[in-house]
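Structures incoming, each one as structure tokens.
Two complexes, one shared chain (subunit A), two partners (subunit B, subunit C).
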Partner chain A sequence: MWKDLSDLLWQAYEQFGFLPLFIQIALIFIGLAILATLVAYGSILFRRWQGYVYEKRVNFITPKIEDMITEQVLLNEQLGSVPVDDIEFDPVPLSDKIYKKPWVRQIVIDVLIQYRKNFRGEVGDLLRKLYIDMGLPKDSFDKMKTLKWERKIKAVMELTQMDIPISDVTILPLTNSQNPSLRAAARNAYIQLSKNDPFKFFDIATEPLLPWDQLDMFRIITTTKDIQIPNFSRWVSYSTNKSVVSFCLKLIAHYDQKSAIPAVMDLLNNKDHYFRADAITCLGKLSAEMAEVRLVKIYDHQPLICQIEILRAVGQIASGKYLEFLKHEFSYSSNFDIRMNAARAIINHDSDESRVIVNELMNTTYEENRIIIKHCLNPLIK
Partner chain B sequence: MFHWLNWGDVMYFLSGFFEATVYTYGVILLLLYAMLAILSFTNIRLYQKKDSYTDYKVIVGSPLAPGVSVIAPAFNEGLTIIDNVRSLLTFDYPKYEVIIINDGSTDDTLEKVVREFSLEKTDFAYNEKIKTKEVRGIYKSTDEAYAKLIIVDKENGKAKADATNAGINASSFPYFLCTDVDCILHEQTLQRLVRPAMEDETKRVIAVGATLRIANSCEIENGVITKINAPRPFLARFQEMEYIRAFVLGKMGWSLINAVPNVSGGLGMFDKEIVIKAGGYDPASFGEDMELMMRMNRYCYDNKIPSAIRYIPTTLCWTEGPTSLKVFMRQRTRWGRGLYQLMLAHRKMFMNPKYGIVGMVVFPYNFLFELMAPVVEFLGIIYYILLIVYGQVNWPYAIILLIFVYTYSIAISTLAILWDHINAKYYNNIWDVLRVSSMVLIEMLFYHPLIVVFALRGYFFQMINKTHTWGNMQRKGFQKKGAPKPAAA
Partner chain C sequence: MANILVVEDDEIMLKAIKNILSKDGYNVILAKNGKEAFDKLEHADYDLVLSDLMMPYANGLEVISRLRNDPAKKHVSIIIVSSVGNEETITEAFRLGADDYLKKPIMAGELLIRIRKLLANRTVRHSL
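Up next is the complex of A and B:
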């Protein structure tokens, strides 16, 4: 059978030029498909082998690097008695040929970053000095010069982790890169590295600050030591970048910047209702009593999403002045979510007056509303 | 009558037309697969690059993380429900709730969870935004450790869709994750699925899916996968290969051009607001997941909401694949019915520019190359048989064409396995890779004909409107590490 088949294929090869076009195409594709299959199998095997070899190399070299770091940094006798900048490392282990190899140097950088995440203070500074003395910043800066965005991100992250300054000329353009990932990494780096004005890029940000990127930026801003926290209302008032404004609203709420309340209230006139909802949420979190009257006043003209945020905000402000408004919404709204949020807002007041209203409603309202109140009062349901 | 017609000429014309049509159809299909292979590779590499420097722990500690409700319907799952619920409570995510819907189980599913998790019936304000069968009660735990758990007890709705809708009604977060209670999910599922929804610059991401794999033969401990093995049973292994091709090559490819047709019912995260506005899952549909996606797309286009459906290549869900032919037939027949039903219900979207890429690409592709493929194949076989009977087959050419189709399908499937391998090394053992990839060689002979027949069976049942009985999946349960193997009967 195989002989017949090979004869057939041989004949096909000889007569290829005389064959109909569709058979010619089919034969070419058979060849390509067999080649693709073989390459695919080969690639699977090669990748597995490559992974195995890399793992073996890493397992071999990592303990050596860790020993070197322990010896040079963690057990350094000069640590504590000599200023970090004046500490000299033992040149012999550092001049080992193995540290000339690019893949080893990359592992050294990765290990140093891991160590620096765990050590602060003088040990952290000495780790940084080791990174500099081994000439590793050059490796990182070289990566920044490549065209590959993922390599640039790696470089930016390495330099940031090692607290190596990057000039504004280099980093600022990246904060507005068309590539969202590079943009996010550059922005995070700028906040961490800029000593004077870490939020300068907010002024020039034309590209959006995506919700996913906000997570990391929020963490960096709220956990980085010695960072100058500005009044974020500045960007709420002047930035034309909606995502920057939205992010600033979250920061205003987090830092409880009550001075920003007037600027946030200005956003209540914005045409974008999602934006208005963000502003209302911020006012609620700030417990902005001065905004309460305005919120209640605009309530009737707002879409559902903003109405719900207003009810929540009134519940958070909890001045007690608008309990009747909440009671009215709870009693007469036909919308379930409105009633639920109105009930929650009344209960959130946690005052004698609010408790009287809750009792009154429990006795007078209809079954569905009673369940809503019980739902909101039940500690098991959050 | 018709004496003026020369039947020989007519038959000659018809056969020529049929051959040309089928040839064109086949060539387009093969080119589409080649295109998908390129698109999926590009998308996987992009995902990998992004993933290489992403620290998912950031979201775990963030107050800005969006809330996600995990919704899992359960029907007569008394045997495994405790492990299943425990597994769903292990997500590494800061803001989520787990909603189990007891869909009128006739066994002790409810009693078991009530006892195990110290549940009590609460005055839960249930808002029926989507109409469902009556909800009998909603339970919450008195134990703070299970504060994230909600059990919705309802009357049986004879469909997963009805139960899921009840879960959506009881949920409180803007996103929900739809899964099956017996699926095993990765602990990072929520953080990984939320990401695409949070990083689209211009579109509202209405659904996100991830790769599913077959859990048969994997080692599982306390509802967590401890070792991934390629399935040993043949039928399950075929499905593993099919899933890799469908998710890693197909859906990742479509995702790059925002043309994902469907997010699997086994694992998908959805934008709750859009789902509710689109009317929720349709309990009357046999392919409720794909049907919902169509309606969500339709809603977004009708309301001019730029939307996207995204897929990620990482395997986040393991499900038990049917190992008996009977159960497999029932599953695939139902899928066939669902596809037929869907195409008919949304036929107005076909080549309708109003629906953008969905109307011009997703719908036509699914109609021509998913719905019609079994029909074309079946007609092709009949035609082939007729040609053989009449001695009209040019055997050398026929064999070359068969080899062409065979080698091409092997190449595409092997590339899918390679792409999967590039994304992550799921199998520690090379033999597992070979076990799965060897299925590619015999798929055309054994597995593919079954799929064609079962799909046609589904179309036929739908055409004659045959009453569907919801069969039990008859799960065998998962292999527990160190557990003794059951004795042979």
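Up next is the complex of A and C:
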């Protein structure tokens, strides 16, 4: 049978040269397509087989690792009576040859992290000690040296979860990586691990802080214990990275850093109006009374987005000095958003004077404006 | 020896809590979700239920609600152990009848103390 097949192929090969050119090209393409399909199926099957083998191994080894952690950490007799740093692990289970295999060590790291997410205090500290005593930080640091970004992210997250310091030389370049995911993971790790200057990477950040990264970073900053909060005006004044400045403005407002007001006011001269809008928002949230006169002065020359932010800021500062300005904007502006925000700003003052103006406007203004005031007066509408 | 039902969808956490509580002498029964918890509650009496909030099939709030609305199981103490930290959910858990709340990551020692305290209060209430 094989001989017949080889004869057939040989005959086809001999006749190939006599076939018309377009048939030859078509046959070549058919051959290549069949080959590519076989390679693709082969690689899919191979990867599935690899996944299956790995899953089998994980299912086999995980209970053993969990038992080891339970014995060494959760049921450790010394826990509670001896300081965590002085607790010695039973060397027999740890010296098992199986824990020398890289894939087993990786599963140990994954399980330890899972435990550490659920336990803090002495148990959490003892889990960290086990990670260190098993020499697992080296595995994580080795992963950081690979070229694959997803492995680097995994390594950064492992070290962060286990609270293992990473040297600036290693982590700082990653905070500026071209890869957004790696960059975000490295920045978050830096904030959590750096005890003295967790925002140092702002100094060298040339890549943008994406909105989602800012959200994630904000969560980490506000939930990490004992974090050193610097004066963010430093970056507002000197950083050339717009997203860093914009993020710092939000942090200044959140931490109510009134000493940053002069630096924020300097941004009112910036050519980028989105930037100016962020600065105005920040000044409003800081209730920066010293900035109010400047905000009102520049109002007429600003685009709509900045004008709206100025009205909001004046409403938040609520010094009462610019009620007439707000009344004027409410009464004479043709833009709905301006009138709405001017009305809100007047009402936000919540003073006798502002109430007199609101009453006066309700009696004198036309129907649409009255509806706006009623809408703004409704405490259920934010 | 008090009977404790632990309801938790994370298997690692489930085993870890079982080990911690068993070491302290409690009789621990495990359930991987709210539905399994309902089945186990039907067939045995428990002194305390330790439940997660976010679980498949039936969440922790439903577990509390079911326990508190059943006159035969009203006496069971409930501790919620969850990573959910928003005030609304915690308030809702207490409104439905949870006795205590622990936010993950937890401290093993603190968990044991709270369980002991709740069970002791329960005993005092019964003797009165």
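What we mean here is this: the second predicted complex is superposed on the first by the 295 of 382 C-alpha atoms of A that agree within 3 Å, B and C clash if a C-alpha of one lies under 4 Å from a C-alpha of the other, contacts with A are read in each partner's own complex, and residues count from 1 in each chain.
Simple rule for what comes next: contacts are C-beta pairs under 8 Å (C-beta built on N, C-alpha and C of every residue); 3 or more make two chains touch, one makes a residue touch a chain.
Bear in mind the structure is a predicted one, so any value in this text is a computation, not a measurement.
*Asks:* Applying the touch criterion given at the start, work out whether A:Leu27 contacts subunit B, subunit C, both or neither, answering first, second, both or neither.
*Replies:* After superposing on A, A:Leu27 lies in contact with subunit B but is clear of subunit C.
*Asks:* In the overlay, answer first, second, both or neither for which of subunit B and subunit C A:Leu75 touches.
*Replies:* After superposition on chain A, A:Leu75 lies in contact with subunit C alone.
*Asks:* So, A:Met362: does it touch subunit B (first), subunit C (second), both, or neither?
*Replies:* In the superposition, A:Met362 touches no partner, neither subunit B nor subunit C.
*Asks:* In the overlay, answer first, second, both or neither for which of subunit B and subunit C A:Val123 touches.
*Replies:* In the superposition, A:Val123 contacts subunit C only.
*Asks:* Should A:Pro180 be classified as contacting the first partner (subunit B), the second (subunit C), both, or neither?
*Replies:* Only subunit B; A:Pro180 stays clear of subunit C.
*Asks:* Look at the residues of subunit A and decide whether subunit B or subunit C touches more of them.
*Replies:* Greater contact footprint in residues on subunit A: B.
*Asks:* Just subunit B (first), just subunit C (second), both, or neither: which does A:Ile132 touch?
*Replies:* neither
*Asks:* State whether A:Tyr41 touches subunit B only (first), subunit C only (second), both chains, or neither.
*Replies:* A:Tyr41 sits against subunit B, while subunit C stays out of touch.
*Asks:* Quick check for you: in the superposed arrangement, does A:Asp216 touch first (subunit B), second (subunit C), both or neither?
*Replies:* It touches subunit B, and subunit C stays clear.
*Asks:* Check subunit A for residues that touch subunit B in one structure and subunit C in the other, and list them.
*Replies:* Correct list for subunit A: none, the interfaces share no residue.
*Asks:* Flag every residue of subunit A that touches subunit B in the complex, lowest number first.
*Replies:* By the definition above, subunit A touches subunit B via 8, 11-12, 20, 22-23, 26-27, 29-30, 32-34, 36-37, 40-41, 43-45, 47-48, 51, 149-150, 153-154, 157, 180-181, 185, 208, 210-216, 218-219, 250, 254, 336-337, 340, 368, 371-372, 374-376, 378, 380-382.
*Asks:* Once bound in the complex, which stretches of subunit B touch subunit A?
*Replies:* Interface residues on the subunit B side: 23, 30, 49-50, 52-53, 55, 58-59, 61-66, 120, 122-125, 127, 129, 140-142, 147, 195, 198-201, 396-397, 399-401, 403-404, 407-408, 410-411, 414-415, 417-418, 421-422, 425, 430, 433, 437.
*Asks:* What residues on subunit A touch subunit C, complex-wise?
*Replies:* 66, 70, 74-75, 79-80, 111, 114-124
*Asks:* Can you check the complex and tell me which residues of subunit C touch subunit A?
*Replies:* 10, 12-13, 15-16, 19-20, 23, 104-110
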